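Both complexes below contain chain A, partnered by chain B and then by chain C.
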Partner chain A sequence: MVTARADRQPWGAIIAFLLPAFTVYTGLTAYPVLRTFWNSFHKVLPRSEEFLGLANYTALAQDDIFWRAVLNTFTWACISPLVEVGIALLLALALYARIPGARFFRVAWFTPVLMSYVVVGIVWAWMYNYDWGAVNALLRFLGLGNFVQAWIGDPKIALPSLIFVTSWMWAGFNMVVLLAALHSLPSEVIEAAELDNCGWGAKLWHIIIPLVKPTLLNLLVLSFIGKMKIFDLVWITTQGGPLWSTETVSTYVYKRAFEWTSFDLGYPSTIAAVWFVFVLAAVLTLTWLFRQRDKLEY
Partner chain B sequence: MISRAFLFVVVTLYTVFAAGPFVWVATMSVRTTTEISLDHYAWPQIWHWEKFPIAWFKSNYQVYFQNSLVVVVAAVIVLTVIGSMAAHCLARYRFRANRLLYFIIFSAIIFPPQITIISMFQILVQYGLYNSLPGLTLVYIAIQLPLTVYILESFFARIPADLFDAARMDGYSEWEIFWKVSLPIALPAISTTIILNFILLWNEFLYAVVLITDEAKRTLPLGIQRFIGDTMYDVGMIATGLMIAIIPVVLIYAFFSEKLIQGMTAGAVK
Partner chain C sequence: MRILKIVFSLLLLAFASSAMAQVKLTFWSHWAAEKIKRDYVEDAIRRFEAANPGVKIEAQWYEKTALYASLKTALRAGTAPDIFYAEPDQFEYMENGLLLDLSPVNWAAVEPWAKEIWSYKGKPYGMPLEAATVELYYNKKTLADLGVKVPSNLQLDAAGMTDLVKRARAKNITPMSIGVGDRPYPGAYLAHEALLKKLGVKEYDDLLKGKLSWSDTRVTDTLNVVRGWTAAGLLPTTFTTLKLGESHLYFHTNPGAATMLIGSWYPSRAFNPVDQGGQPKDFPLGIMKFPSIPGAVCNECRTLSVGGSYVANAATKHPKEAIAFLNSFANPAAAARWLENVLVQTGIKADYSKVGGPHAGYFKELGATSEGAKFYFGQPIQVMQGKPKEVFTQVFNNAFPAGTISVEDAVKQMNAAYK
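Up next is the complex of A and B:
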């Protein structure tokens, strides 16, 4: 039976099933990717195209704003996952300890991730408002008036302030995934640790973290990829300012392609192409680093 | 017991932190801007429900809402159909190049949007689809297709092959096997992708801001963005607009919270 199945494939059906999806994929994903690479070697004006060779690439290498954007985005993509997943792990452990109302907390904490970055951006622009924002209001109420500041208006702290917002948004999401992973662990292992009089910290470090490691690594990579793409939140709150302190690669590409009056789509395509290679390289490196050498059996 | 109580306090504080901003916006959505500027944190004295019809009719939210609904519903329907067809095929038939095709689609999940967005703009301009809802719908189908196929394929692959052999013995055609065997069994996974795609596209901003410029064709995220540009200080009215954008999501969440959490986390758990 098995060989018969392998030999006679219903090719007509296979092609019919795949055709619609692959038509869309070819036309609106594969072709655009190739065209962006083609663009990157040209000056692309609305009615004319001119071959430039590597000129865009050499210009990009000397583009300080681009490198600033790369640095900002990488900072974001490296810090965020650690903060988010760290907070999420603590929250998940709190709910795992069977607190009353755990179901309610789980549902409530997940809410921010359901809102669009546009909504979140406006809400946090208000939270960070100098005069009446909740953050400064809380500081004044606590008598910490010295710490009151323009959270997204000061180049020194604008980026950390926005990173904080994404952590606020995604911690609940990561928590839910980790909680599911914790609940699927065999309870004997954790009970055995308790019998051995294992301390809370030791239990966390030697037992729980190794057991949920695959999920933790997955979440770190997922969060990293998400932050490498970040656009909406920045665009709504600071548009990359003040003084490029929150410029990300996404906002810079957008500005160069659709805001600057140069009308050239070639140079932004070069940024996109280089960034594409950066992201692929970073993700491949991470998956290679995180590959499971010693898989835990239980 | 003391550590229990401490844990409970921490958890409650975090809840205030996570949900507080939304409660704040909700109170502002039923207060006028004059009231808000007197005290930003007061509980509504008079509930100004009339702000909702005002936003809906006068501030054009009706149009934004309809545009969003049309684009998102159309995209989700097409995505579900062509996504599950492809996923079924990749999971069910062991033909040469199967894994290669799967990898080609799957890898697109990590592509940064910039790599396609500029040329998508060019393509849509070329075919007269720029600044049109059908054009945006097509783009939405394309950007969510990889994730849809990925989630559905992993579910279809778990359906035992015996079931298909039995169906074939009964004389089912390949199409009938998909339609009458695969789809009904995969309904939980399919509803997961429907909810996931709905939420993600409902919130989508980057492609919309590049591909739509007409006031009459704005989707909700674009509509909201316009108001922060136009009337940055009409906080009360913006809050009402935010609530209008949030309400469908909150409603779905209220009824299907488990399903929705499942959908959003589907990609994360392996």
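Up next is the complex of A and C:
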């Protein structure tokens, strides 16, 4: 017989287990997000708060620097994942095929991700230096002096130059994840393909890529989210310049909050709120697009 | 129980008396990397503490960008220090009532223009320690080698400047060292000093405040003169990424440039020991005026701005002591010490002719460039606010001198920024 006491929910234990996580989530995630949305409708000064309605949103819609930053960030978030995951797949396949020196290359290719964006930024600012940077030095050495550029000083090529840096930095991380996915592929499927005289290219296209597709898509989404928030590298190398060519939404929020001669946190909050919705919508769309329609069975 | 009460009372008394005896003022300042200025301020702190035994000043040193970000957060959170470094373009401090009114300071010892720059709604808020003109420093030996003779009035004309650039480039020497990698203003010196000369103080002020169109032919003509210099190769190829400290080394050490256009606070870095980034001991430093501009109404006009200053937090618990400390700078002796040690002009009244020491000759040369000058007070980024300031920085500090934007586009961007 079940007693009434045993039937009751153990509320004490439930609360004890949930409370710490709930407190941390509420205090450090939910409240800041809600507060940002609240601020976006106000002018927020150190000693006063004034309700503005949609004025900040109207101003933002007409803010050409913001739209430039949106374009740059979106370009970055769309191009960089494709480049870095594409390179990562090639590197992972090279290691999977056990090329000579695979151990060394695995460490070498993974190393950039161990460095912070600050270090990477400083290193690449040197590499891109017009006079003595490694990139231009190499071009001059190869007799390609005509291609020497002010890589992060020219508005036309500053953004691609920085996109290249993030791709270089993150390809190794993606490579390691993909390598793990490749190693976990069912050997019987690969062997069956080999018994059917399936060539390397066909095996890659028809067997390997479909099997690692979920990993590839996850990496693309993660990379997309990361690039939508990119800040550190830009701040260290170009601070959004020249001529806003590398301005991202994050650097613009920072500038408006800390560098413009204003204490108002309302407008930067509006940018952050709009961007939060934008990123969320983009991630939901990507997740919907990439959802696994057919369950793989092997 | 009674014994406990007595012990507790004694402890409370001891704590209270020690708290009364020692007032601790917190102090945040820029100039972490500028030893000469830091030494001067630390000496001022020691002198103040010696004269006021009950007061202790706890200083923290930062680089400017980090300081500004920390201060914005701290002021919003109500945890800002009692006294801190500020520059007069930071209107937002005054607009939001975050600074202590410094009316009790001995303003008779301060230059009236410096007080005016720091005044808001009739009250002064900052102690204008550092003042600076925009100076065209040059390497006397390099210019002599190039066959460029500085005129007796110390001012080349625009064509003379172009000639200097061409001669230097012909010998593979960078004509002028400026770097904008970490500062929003050095690149803009070129355009704003030229525009100030062309338009004169009043109309230049109108231009910066959006009352005069940037499409005015005098403006475009002047920008074309500057474009002529930059197109001829005036600046380092690394101009856009070269940092301020690096641009000093670029000028005096490696690879060396013929000239350097920079604030007159150049010595605060350059007169450091060589191993701390200073110029070589025997470096033949010369100073000349910014070139004259064709058809200018005021070729003697130049920018004089107040730079590093100290302000007091309106929320300080020790306003009397904070004001007393700031007041300790407002006297001729403190100003003379600043001049002799820091070798930069000051907003405190001082007799420049009495500056002695090993760099007395430098001050004589510096004074010569300002003889007969008319001053415009403040750099454009100290006068402009909001979007015009942002656009001016992006366009005239960086893109325009780098040659990545045309005169027409620069003008269009500036006109749009004021709408």
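Here, the second predicted complex is superposed on the first by the 287 of 298 C-alpha atoms of A that agree within 3 Å, B and C clash if a C-alpha of one lies under 4 Å from a C-alpha of the other, contacts with A are read in each partner's own complex, and residues count from 1 in each chain.
Criterion: contacts are C-beta pairs under 8 Å (C-beta built on N, C-alpha and C of every residue); 3 or more make two chains touch, one makes a residue touch a chain.
The shown structure was predicted, so the numbers you read here are calculated from the model rather than taken from an experiment.
Peer 1: Based on the superposed arrangement, let me know which partner A:154 touches: chain B (first), chain C (second), both, or neither?
Peer 2: A:154: touches chain C, not chain B.
Peer 1: Which partner does A:107 contact after superposing on A: first (chain B), second (chain C), both, neither?
Peer 2: First partner only, chain B.
Peer 1: Which partner chains sit in contact with A:195 here, chain B, chain C, both or neither? Use first/second/both/neither.
Peer 2: It touches nothing on chain B or chain C.
Peer 1: Based on the superposed arrangement, let me know which partner A:258 touches: chain B (first), chain C (second), both, or neither?
Peer 2: both
Peer 1: May I ask you to name which of chain B and chain C touches more residues of chain A?
Peer 2: Tallying touched residues of chain A, the top partner is B.
Peer 1: So, A:289: does it touch chain B (first), chain C (second), both, or neither?
Peer 2: Neither partner.
Peer 1: Which holds for A:142: it touches chain B only (first), chain C only (second), both, or neither?
Peer 2: Neither: A:142 stays clear of chain B and chain C.
Peer 1: Of all the chain A residues, which ones make contact with chain B and with chain C?
Peer 2: The answer is residues 125, 257-258, 265 of chain A.
Peer 1: Name, in rising order, each residue of chain B that touches chain A in their complex.
Peer 2: The touching residues are 4, 7-8, 10-11, 14-15, 17-22, 24-25, 40-41, 81-83, 85-86, 88-90, 93-95, 101, 104-105, 108, 110-123, 138-139, 141-143, 145-146, 149, 165, 174-175, 178, 199, 202-206, 209-210, 221, 224-225, 228, 235, 238, 242, 245-246, 249-250, 253, 257, 260-261, 264-265, 267-270.
Peer 1: Which residues of chain A touch chain B once you look at their complex with the stated criterion?
Peer 2: By the definition above, chain A touches chain B via 1, 5-6, 9-14, 16-18, 20-22, 24-25, 27-33, 35-36, 39, 44, 91, 94-95, 97, 99-100, 105-119, 122-127, 132, 134, 137, 168, 171-173, 176-177, 180-181, 214-215, 218-219, 222, 225, 228-229, 231-232, 235-236, 249-250, 253-254, 257-258, 265, 268-269, 271-273, 275-276, 279-280, 283.
Peer 1: Please name which positions on chain A make contact with chain C in the complex.
Peer 2: Contacts found on chain A: 45-47, 65, 125, 128-131, 150, 152-156, 237, 241-244, 255, 257-263, 265.
Peer 1: Contact residues on chain C for chain A in the complex?
Peer 2: For this pair, the touching residues of chain C are 68-69, 72, 75-76, 78, 89-92, 96-98, 236-241, 385-387, 389-390, 394-395, 398-399, 402, 404-405.
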